[in-house]
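These are the structures in question, set out in turn.
First chain A sits with chain B, and in the next complex the same chain sits with chain C.
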Partner chain A sequence: MKRVLTALPPALWGLAAVCVFAAFTQPQFLSLPFLMILLRQAAPLGIVALGQTFVVANRSLDLSVGATIAFVNLIVAHAMWNGYPPAVVIAIALSAGLVIGLVNGVLVTVLRASAVVVTLGTAAIVTGIGFLYSGGAPGNAMPELIKWLGRGRIGMVPVSGLVWAAFGVVAFVLLRRLTLGRYIFAAGDNPSAATYSGIPVNTTLLISHVLSGLFAASGGLLLSGLVGVGSLNLGADYILSSIAAVILGGAVFGGGAGGAIGTMLGTALLVMVLNLLTVFGVDQPGKLIVQGLVIAVAAVIYQQGRRGG
Partner chain B sequence: MSALPAEPRRAGLLARFRQDAFWYRQRGAVLSFAVLAAMLVLVAAVVPGTFYSATNLSNLAGQLAPLFLVSLGQTFVLLGAGFDLSVGAVISLSSAILTLDLADPVKIPLAFAAAATVGLVNGWGCVHLRVHPIIMTLATSSIVQGLALILLPTPGGVAPGLLVHLASGTFMGLPAGFYWIVAGTAAAIWLVHGTTYGVGLYATGQNPQAAWMSGIEAPRIRILTYVISSLMAALAGAYLTGRLASGDPNVGSALGLDSVLGAALGGTLLSGGVGGPIGTIAGVLIIGVLNNGLNLAGVSPYYQFVVKGSMLVLAVSLFRRKEAGL
Partner chain C sequence: MQRGCVKDVMAATAPLIEVESLSKSFGAVRALQDMALAGYAGKVHAVMGENGAGKSTLMKLLSGVFRPDTGSIRLRGAEMAFHHPRDAQKAGISTIFQEFSLLPNLSVAENLFLGRERQDGRRLGVAEIRRRTREALAALDLRIDPDRRVGSLSVGHQQMVEIAKGVLADASVFIFDEPTAALASHEVETLFALIRRLAGNGKVIFYISHRLSEIFAICDDITIMKDGRFVRTVATAETDVDEVIQGMVGRPIEELFEPRAETLGPVLLKAESLVGEAAPKPLSIEIRAGEIVGIAGLEGQGQQELMRLIAGFAPARAGALTLADRRIEGLSARRRMAAGIGFVPENRKDDGLFLSLDIGANMATAEIARRRLLGWVPGMGARIAEIMRQLAVKAPNARTPVVDLSGGNQQKVVLGRWLMAGARVLLCEEPTRGVDVGAKREIYRQLRNFAGQGRGVLVTSRELPELIGLCDRLLVIRNGELVAETMAREATEDDLLRSALPAAESEAA
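Coming up: the complex of A and B.
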């Protein structure tokens, strides 16, 4: 029984507690229309966090997701793509994310440089290229398709929520139904043991970084559509939030509890807590404190459960 | 001090160099100083008069002092195989506390006590609760930044007169920042290379279990690295507050990750036990000379991002480690 309890992501308990708390204090918070607004807001972060899950479960880190989001935003908002079919623009944006992830992965695995420093470095490079490309003046020529992806609805359900769900299924299959996922968790839990067991640790890590870049670019597309215009520093706060969502989801450095579902619950918990704080009139400093406490408590609880079980 | 496995003695200078524990740990620093020297020659060729002018060098010392202090503090944490992402927030918190509406003899010790508390919490969480350092310090940095913004919502306030006096002007022809750098560096080098704490720190960073079994108080040493790092951050905050003569709740935000950069460029490995404050001197100077040189050469800030990022990736790629990852 204890094993079952500790195998569940910390975010599940948090989410349950937050829902109970909201039901008693702010019942309208749990109404369907409001939840749909939350879903639309959570989707871009959710996809970025799913990408971050691969890397963090693989005992690495991607600090370049913020710069990737900003870069994707500058690409899709640039007037240069006027007249091109939206699918081409989306493909170019996603390839940018793929290339960033590939560069990160190669530097981290082939040169064995620290992922923290490498992804910081590529983030600076990508930011600079983005500024050069846009000339410091972001455009606002965004294809309608991207806007629809970011803010459109089918009936009551936001399109971005469906896209998030689709990415969630892809991530779940990759992490829990394919060999790749087993390799990722094994390499994340104990890299030396994984190497001795014949697991292609470097290839696995490379793929994780590529996936993170691709997911970050996809999240960037949705966020661009939601915002609707080009902006120079979109997504800066997604770096820490995406890591926080993964921690809440339990997929920390090969920890077995997490995965796609855990991270999605973690994202939901983070977005709900932050919005609930807004409802209660707590402003930015208070939110920072609560976010930090939530991460710390989740990490401590998770670590204690791991040691005991 | 012989931490290396005993190899059969070979003749030759290079072989002896490789077998010496001190040089084994400082091999990155040697490379960093070589890179720094190359950069100083390059700068002399591109912007000779402007870079080596007294005004520019004095400005550079003033600008680099906070980065020096936090990078040296970060070096301790990295040597103990930890990671401190919260230093930026601690700098901001100390700036906020130092400009509170309190008497100077109260708020100056208060700022350092607050920083030491953050360090203790970080160390306790990482060592005794076994939370991963990146996660632990990410969480505390969010909390500490929130506290800083509550104490001082917008830049302002009055800095203690003592700090304004200590952080501005010149003394014996040299800028105030220079003395902060020398004092911080000397203290760090003494702690690492001149005390038993330093011996224990290297042993702990290489292998905490083996250190513990050899009778070294590894947990206490690791917790202390976070306290030292936070106190150095508070010192950087004190310098910045004095230099600006007022407080700023976001003054440290960029310095948190730059401190890792300074230490890493100086050859301190993020896996612990290799490197040290001597290399960090070169690492911080590389960042400073690069920023300053690019500005003087009139390079567009957009290209500066690309150049700095590439330099960073290139420099870190030179220090190959055993395992890929964090």
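Coming up: the complex of A and C.
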């Protein structure tokens, strides 16, 4: 029984606790319309965190997701794309994410450099290119399609929520149903043993980073649509939040564990907690402290659970 | 009757430390029952038994990590009650565990004097600490710089520092728990010299190890345990390896091994003058279907390089490698594995297992490694369960994490990985490293079964009796060259050792 309990992601218990707490203190928090607002807000982070899941499970880390989001935002808001079909703009934005992920992956695998240093470095470079590209003044020409993706609704349900769900299914299939996922968990748990078992460890890590880049760009698209205009430094807080969501979802630093469903629950928990804090009048510094604590506590609890189980 | 046995062997003097009717249970598990042990000053005393026989529990009781349920520990006749490891240390029992208690970022001197600063009411000066450290190290004939950071020392030297710590604390009983597990062979020699020196100074040494050769090399007495109980204490000079093993497992050594292959099939794997970066001398080997071939040799003679060259982890520069009529020397390791090569690395924890994954995932990796990256993974539960049954893996089910398994069962999981992947030739380094005697027998049986299905096995091992008993044919490697070949049934340890020693050829030439 204990094993069953500790095998479930910590986010599930957190989510249950937060819902009970909200039910007693802020019942309107759990009303359907408000939950839909939360869903719309959670979707971009949710997708970025799903991408982060691949790299964390693979014993790596992607600190360039924030810069990727900002870069995508500058691309889609730039006036130069006026007149192009929105699909082209989206394709270019996603390609940018893919290239960033590819560069991360190549540097991490070929140079065997630390993922933290590499992705911080690419983040700085991408941010710089973004400033050059926008001339320091982000545009506000954004295709309607992207705005619809970010803030539109179908009936009551936000479009971005559906997109998040679709990415969740893709991530779940990749991680739990396809060979690739087995490679990621094996290489994440023990790269050396994976190599000795015949698993293409470098290719796997490269793909994880590419997926993270792609997912970050997709999350950036939704976030851009939600914000509606170009903005410097969009998504900077998504670096920490995406990692927090993955850890809450049951992944551990060092790799080999976690999953799509866990990360989605982790994202939901994080967004609920942050909004509850807002309701209780806690401001940005307080939220940052809470996020940091959440990462530390979740990691510790989960480690203990695994050891004890 | 059991205790009478102890007294018979050493009636001469009173023991310095004596354990009587010691028992310890963990929940329903009786880890130790009515155990007896007596340590005499100046003697090295081995404690042997299979994994789970209770050796570790006994030593943890002696070092104050656990408290006994019943029974007594007497040191120089005085009854001891340890509530904390510190109590045991103060009483003069120093334990050198496999994991050291040293702080890697402090210097040797700082580690040695940690917690001893206020012994005579004032702090020791840096100069004095350094001087006394140098003295303590010199007393043990150790050349270690007192200012070196402990983390930068080799494992062997760290162990020496740990021992020096015990000497400084004026310990009279030293407990070594598998001290050579992480040591290189030359470090083992240094350790043995040190242990002899401690014994010469009248200390009691308890030595726990699986390695029979070491125990016969250094110990005066052997106490054998089985299932948490005392079996007997014998003087090393009056017993032999067979008798000790029989005591631990309850059956003679010959029965550890399966009968050898009667008929061999065609050549499965053939290396012809294969040369690699780290193996510059051309190597030629043939392995037939049904055959287990062993590589004997002193440590570090190129065994690892040979295995990795065949497995493809080191690229071949010249020569040919053929697996069942297919040339594979140009293929990557991954391709060779897909073609039917399996590899069991020596270091199971670092290179073999996925410790946070369950048995099923661990077993499936090699099979899955052959699949397309974006292919759908089918359910493998039935196949995994079948292999677990076949290998007699002791675990409730395939979802059990491999961390929870014993060394022997972990090794079975790694073997199962290659059974599942359908490997045709298994390259197996040190098949029974860190595995107790009972599980060894099981692994020998599995390797023989594997070969019996028309496959081939190539093993390296440090233990010559294991190679002779397990294999059909033996090759001796010396300085990167295969220098001798013999049928295992005709091989003797003496002959193998003679071929393995470097002096032989230079004399001939």
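Following the convention adopted for this analysis, the second predicted complex is superposed on the first by the 304 of 309 C-alpha atoms of A that agree within 3 Å, B and C clash if a C-alpha of one lies under 4 Å from a C-alpha of the other, contacts with A are read in each partner's own complex, and residues count from 1 in each chain.
Everything that follows uses one rule, which is that a contact is a pair of C-beta atoms (placed from the backbone, for glycine too) under 8 Å apart; a residue touches a chain by one contact, two chains touch by 3 or more.
Bear in mind that the values here come from a model prediction, so they are computed numbers and not experimental data.
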Query = Just from the overlay, do chain B and chain C fit on chain A, or is there a clash?
reply = clash
Query = Once the shared chain is lined up, is A:Gly286 touching chain B (first), chain C (second), both, or neither of them?
reply = first
Query = When the two structures are overlaid on chain A, which partner does A:Ser192 contact: first (chain B), second (chain C), both, or neither?
reply = both
Ask   = Touching A:Phe71 in the superposition: chain B (first), chain C (second), both, neither?
value = neither
Ask   = Who does A:Trp164 touch here: chain B (first), chain C (second), both, or neither?
value = neither
Ask   = First (chain B), second (chain C), both or neither: which does A:Leu107 touch?
value = first
Request  = Please work out whether A:Asn58 is in contact with chain B alone, chain C alone, both, or neither, and reply first, second, both or neither.
outcome  = first
Request  = Kindly classify A:Phe29 by the partners it touches after superposition: chain B alone (first), chain C alone (second), both, or neither?
outcome  = neither
Task = On the superposed three-chain arrangement, identify whether chain B or chain C touches more chain A residues.
result = B
Message = Output check: A:Ala115 vs chain B and chain C. Expected answer is one of first, second, both, neither. What do you get?
response = first
Inquiry  = Is A:Leu240 touching anything from chain B or chain C once the two structures are fitted on A? First, second, both or neither.
reply    = first
Remark   = Footprint intersection on chain A (chain B / chain C) at 192, 252
Ask   = What residues of chain B sit close enough to touch chain A in their complex?
value = 83, 125, 129-132, 134-136, 138-150, 153, 257, 260-261, 264, 270, 301-310, 312-313, 316-317, 319-326
Task = Provide the residue numbers of chain A that touch chain B in the complex, in ascending order.
result = 58-61, 107-109, 111-118, 120-129, 131-132, 136, 191-192, 201-202, 205, 240, 243-244, 247, 252-253, 284-293, 295-296, 299-300, 303-304, 307
Ask   = So in the complex, which bits of chain A are touching chain C?
value = 177-183, 185-186, 189-190, 192-200, 203, 207, 252, 256-257, 306, 309
Residues of chain C touching chain A in the complex = 313, 333-334, 337-338, 343, 345, 350-357, 361, 364-366, 368-377, 401, 417, 421
